[in-house]
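In the two complexes that follow, chain A is the common piece, with chain B as its partner first and chain C second.
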Partner chain A sequence: MSDNNLIEGEGYSVEHNPGTHVVSFNGTMRLKTSADYAHINTLLDRAYQETGDDEKLTLDFRHLQFLNSSGINTVSRFVITSRKQNKASLQVLGNQDIYWQQKSLTNLQRLWSNVTIDIQ
Partner chain B sequence: MTQVQPTQKVYGAWQQIPVTPSRQMTVDAQQMAAHWRRCSLSSDFWAQYMSLFIPTRVTEEYLGRGEVEQVLAYLLNELFENCAKFSNGSHQLVRYVAWSQDDSMLFQVTNHILPEGQAPFAKLIDEMLNNDPHELYFQRLEENVELDLDGSGLGYLTLIKDFGVQFSFRFRPQENGSTAVDVQAKVSLQQE
Partner chain C sequence: MKPIFNYFNASFQRKLLAYNILLVSVTTIILFMFLISSQQRLTDFALDANKTALDQAIKEYLTQYTAEKATSTWLQLEAAQDNLSVMGKMAQNIIDNKDELLANEAFYEIDLFKTDLRDVNGALSGSPEDVSDTLIPPPIADNPRAQEILAISSLLNLSMDGVFEANENNTFLYFVGDEDTPVTRAYPNIQLVDVLGDAVSLLFWQDFFPENTAGWKQWYTDSNLQAEIPNPITVETPYVDAAGQGLIVTMFYPLWDTETDQFAGAVGIDLTLNNIIENVLSIQVGETGFAFLMSGNGEIIAMPERGFEIFDVGLETVQLGNLSYLSGNLQASEAPDVQDLASFLLAENSSGIYEFGVIEGSTQEGHVISFATLPALSTAQYDQDSWRIVVVVPEAEIFSILNQTSQSISQQSNIATVISVVFMVAFLIIAALASLRFSNQITTDVRTLAQAAEQVSHKNYDVEIELNSVDEIGRFGQAFTQMTKEIQDYTTNLEGRVQERTADLQRANEVIMALNERLKDENVRLGAELDVARQLQMMVLPSDDETQAVEPLDIACYMQPADEVGGDYYDVLQVGNSIFLGIGDVTGHGLSSGVIMLMVQTALLTLSQSGETDISRMLTLLNQVLYQNIVRIREEKNMTLSVIQYTDNTFQIVGQHESVVICRNSGEIEEIDTVNLGFPIGLIDDIEDFILPEQFRLEIGETALLYTDGITEAENKEQEQYGLERMTSVLQKHYKADANTIRNAIIEDVYDFIDAAEVFDDITMMVIKQR
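Presenting the complex of A and B:
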């Protein structure tokens, strides 16, 4: 099942690697409500707290096929709350073969200038 | 063709299309909500099905088959999720219809709400269709954090601003006391 750094659901997983400060998203994540995303929010917040002020936390979406608008809201909310804390910066990795990532991931940079976007 | 009835209320560029295609599906909203991944399954199926209208090779000005499939999967999932979440009252039928047009595809998804649900949804629609979608999107995200809200309308706004989807909406009061909500989504097959 899951430890603190791994969330596995039907068709998706989210994993935090505390050594490399990377949170990886995999599969198709289309949960019903923001409440259903709460445990992912908790993992993201903890990953941010565990990243040093001069370090960078990476959100790796390269293996995430789909994310619904509730999920985009969750990730956006995390970027905004990180901006308010203004500690570690964020790096976002995307996949150029996944169309929504090409189109939508850059929105995260509009929320906070300390977000870098790398679509590979 | 069919005239809009006086009790009906339309928002956006509604298309009256006389011919109903064979590409349609009816499902039960409560069943969709209870078995949530059916929204995802249905959207991925219809996205793939409709994308097969796209030739394997297209010129640069058009979206490729894979791109169309991904846009449709995103769009239809949001529409089916909305039907599953927001259908209200005794009438729980959801109807999906799709048309393939010259340079676009048109989708219509219908669900039913209680009459009192119309005004708040119409207010959201008015705001979406009459404001800059980019500004409204970022404003909503910030408000959601400030006020600890769920992301109402964010799915539509993402589809409008990032994928160029054009929405129109129609409310039709029914004799059984419910109100049918028809959402039309037009997807251009040309690159932006």
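Presenting the complex of A and C:
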């Protein structure tokens, strides 16, 4: 797995598995600005490009304990970008025990109906 | 033990030495013990086999020896019987031809046959010069038939001396007439008429041998008995001669008148047993072994004194010339084991071995007894009497040879053991010396290495080691030398390297200093920017006067921007009769977040002042304005925002933000989720479709709480979030108090929770209480 598919920062990691088309978020993300999330956005965009039209890209937030508003903004904008391309559909996996996810993840589907939300 | 252990443990060489010696010693000692044990087994086996073989050989020898002695003894008795037979058959011929011999009177005029009898005290006897001794006892001196028989017996003179001398054991050879006329003719001429003394008047058969004639007659008339025992000779029990001739045995050859079948007298022979006894007594086997002769009824004929002691037989000493011997009966012994021996000897009719008093472990001396039976002699009644010759040898003497063999084997065995011990000790010494040399040799290099390592540890790197080994230790030595050289190299060149490094670091430092200068500038700029942002954000917040001017509601607000402002927003607007409340949070931090907050405040104020009262429409428009401005300022930010319009205890709310928390007068908590009431502002150009107004009502005294995630997501040092529950529980404690009190309690609780941890975000809260 190349470094392009793995981002590790203080207290968090984001990992893209090109084989399964899953981007897994782990830990706690509290980057200050949207600009700080730019490399995450890059990874998400590439992951979306590498996912076939008939396929599905999964964003797995089940192990992400916290994502601040800038992070949510980044993910929201990624969904908007994807909607504009209208290629692969998106699946979002959440964890019902994590408070922020209950509030924020439903917005993603509202942004684009091809997003399926699965809060487990 | 421990000091010894420590001594050997302190040196590799000693350990090796100890190990070698231990190994060799254990192996050698085990081998040695095995050897000794094998040797002992072999010795024991040899002795055992030797003993068995020797025991058998000795017993065979004894048996054979005894048989030979029996044979030689019997030869003497047989010779005597043959001797007697010659005389007896001659006498029988004379009697058979008695009449014709008597008729020829001239015959007796021959000197050899002439018998001039004279009267001696009533008896008739020939002269001492006659060849043979003749005697007619007084009772029959007048009987003419007596003279006739004596006359014809004179023919025996022809051969009497010859026959007598043919056997040296003969002491007396004689012819005696029938029962009625027991005349005697004897050789040598001892003048019986004188020797007998008063006994001269006695009749030979009636007075000396009263039972003999009946026995002979029985034999003569019983053809079966004759067939069984063809030899007519009978033997009397041995007796001691009164004339001092020792032990004498008398044998008779009976004679018969074949016409009348009447007893016609007998030829007798007195035989001395001296030679036989001498022969028996001279037998000596081993050092103290002896022999004895006994009759078929246990009567001891000859036995040395030692025998009587051993067999505990009542005895009687008999002096025989220069020999003395003892007489008794073995069966008469009171000792049970002697009685057993007697029964054994007398029952067996041949030969054998008897172990007398041989008791394992007993102190009593055992004897091995060998015996042989002589051919039978007949008594006057033709009872068969078989004499036994018995050889007695102490067992200890028999086995003396064996013991000698055993001793020499044991001696050899001991010598072998001693030699083994000497060899073993020598071997151990050699092995120890070899180990010493070997361990010294192979540990030399190890010690050299250890010394070299110690020198290196004292920072003396100038170490040259020369090892003889070409094995692993040799290779280790080479590697060690190489390593030492490298260490020396490093040590020597360290200064140069440090100088190089210092120069590098100095260059890097200069770069860093330059960068630092630039950073200082940047910080000043950023600090100024943040100050501006903070002031902007605080500047547009409603004043206490404004909030307290809202009469129906008791409102208390709080905002503390983070170091990097987070773009939190709240507002209280009163436009005519309309009261608007707003709360929101721009994503991200910094100046741009503050600017966006300012835009929102301006837009909302503008919309409210324009007379717009539909908060859904207000929010839609606000989003459009903000979206376009965000695009314009190229900030990828958005904002959560809830807008509330209050009329008569009723609150109409739109827009997505945190939940609204309500505390009823009962203390019960209600939560209004705003997720479905709108959409983030500035994210998309049109959010009209997402807007869904909702309303709630507060009775007098009831409280509503508006806040940003700076409160719920505030973290302590353990990175726990403050959360909604803590906030509501503080609210529940103070819900009856006024808005200020509630606000202060909650804010105090939040900061207590955060304690010394970093505050990431703006902390904003609005407490609304229905008056």
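Methods note: the second predicted complex is superposed on the first by the 118 of 120 C-alpha atoms of A that agree within 3 Å, B and C clash if a C-alpha of one lies under 4 Å from a C-alpha of the other, contacts with A are read in each partner's own complex, and residues count from 1 in each chain.
Rule of thumb we're sticking to: contacts are C-beta pairs under 8 Å (C-beta built on N, C-alpha and C of every residue); 3 or more make two chains touch, one makes a residue touch a chain.
Quick caveat: nothing in here was measured; it's all calculated off a predicted structure.
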| item | value |
| --- | --- |
| First (chain B), second (chain C), both or neither touched by A:Thr33 | both |
| Which of chain B and chain C A:Leu111 touches, first, second, both or neither | both |
| Which of chain B and chain C A:Asn73 touches, first, second, both or neither | both |
| Touching partner for A:Gln49 - first (chain B), second (chain C), both, neither | neither |
| Partner chain in contact with A:Thr20 - chain B first, chain C second, else both or neither | neither |
| Which of chain B and chain C A:Ile98 touches, first, second, both or neither | first |
| Touching partner for A:Asn86 - first (chain B), second (chain C), both, neither | neither |
| Common ground on chain A, meaning residues reached by chain C in one complex and by chain B in the other | 28, 30, 32-34, 66, 68-70, 72-73, 76-77, 80, 99-100, 103, 107, 110-111 |
| Chain A residues touching chain C - in the complex, by the definition given at the top | 28, 30, 32-35, 66, 68-70, 72-74, 76-77, 80, 99-100, 103, 106-107, 110-111 |
| Contact set on chain B toward chain A in their complex | 33, 36-37, 39-40, 66-67, 70-71, 73-74, 77-78, 81, 85, 137-138, 141-142, 144-145, 150-151, 154-155, 158, 162-163 |
| Parts of chain C lying in touch with chain A, wherever the complex brings them together | 564, 585-590, 635-638, 640, 656, 658, 675-676, 679-680, 683-684, 690, 709, 712-713, 719, 721, 723-724, 760-761 |
| Interfacial residue positions of chain A with respect to chain B in the complex | 10-11, 28, 30-34, 66, 68-70, 72-73, 76-77, 80-81, 97-100, 103-104, 107, 110-111 |
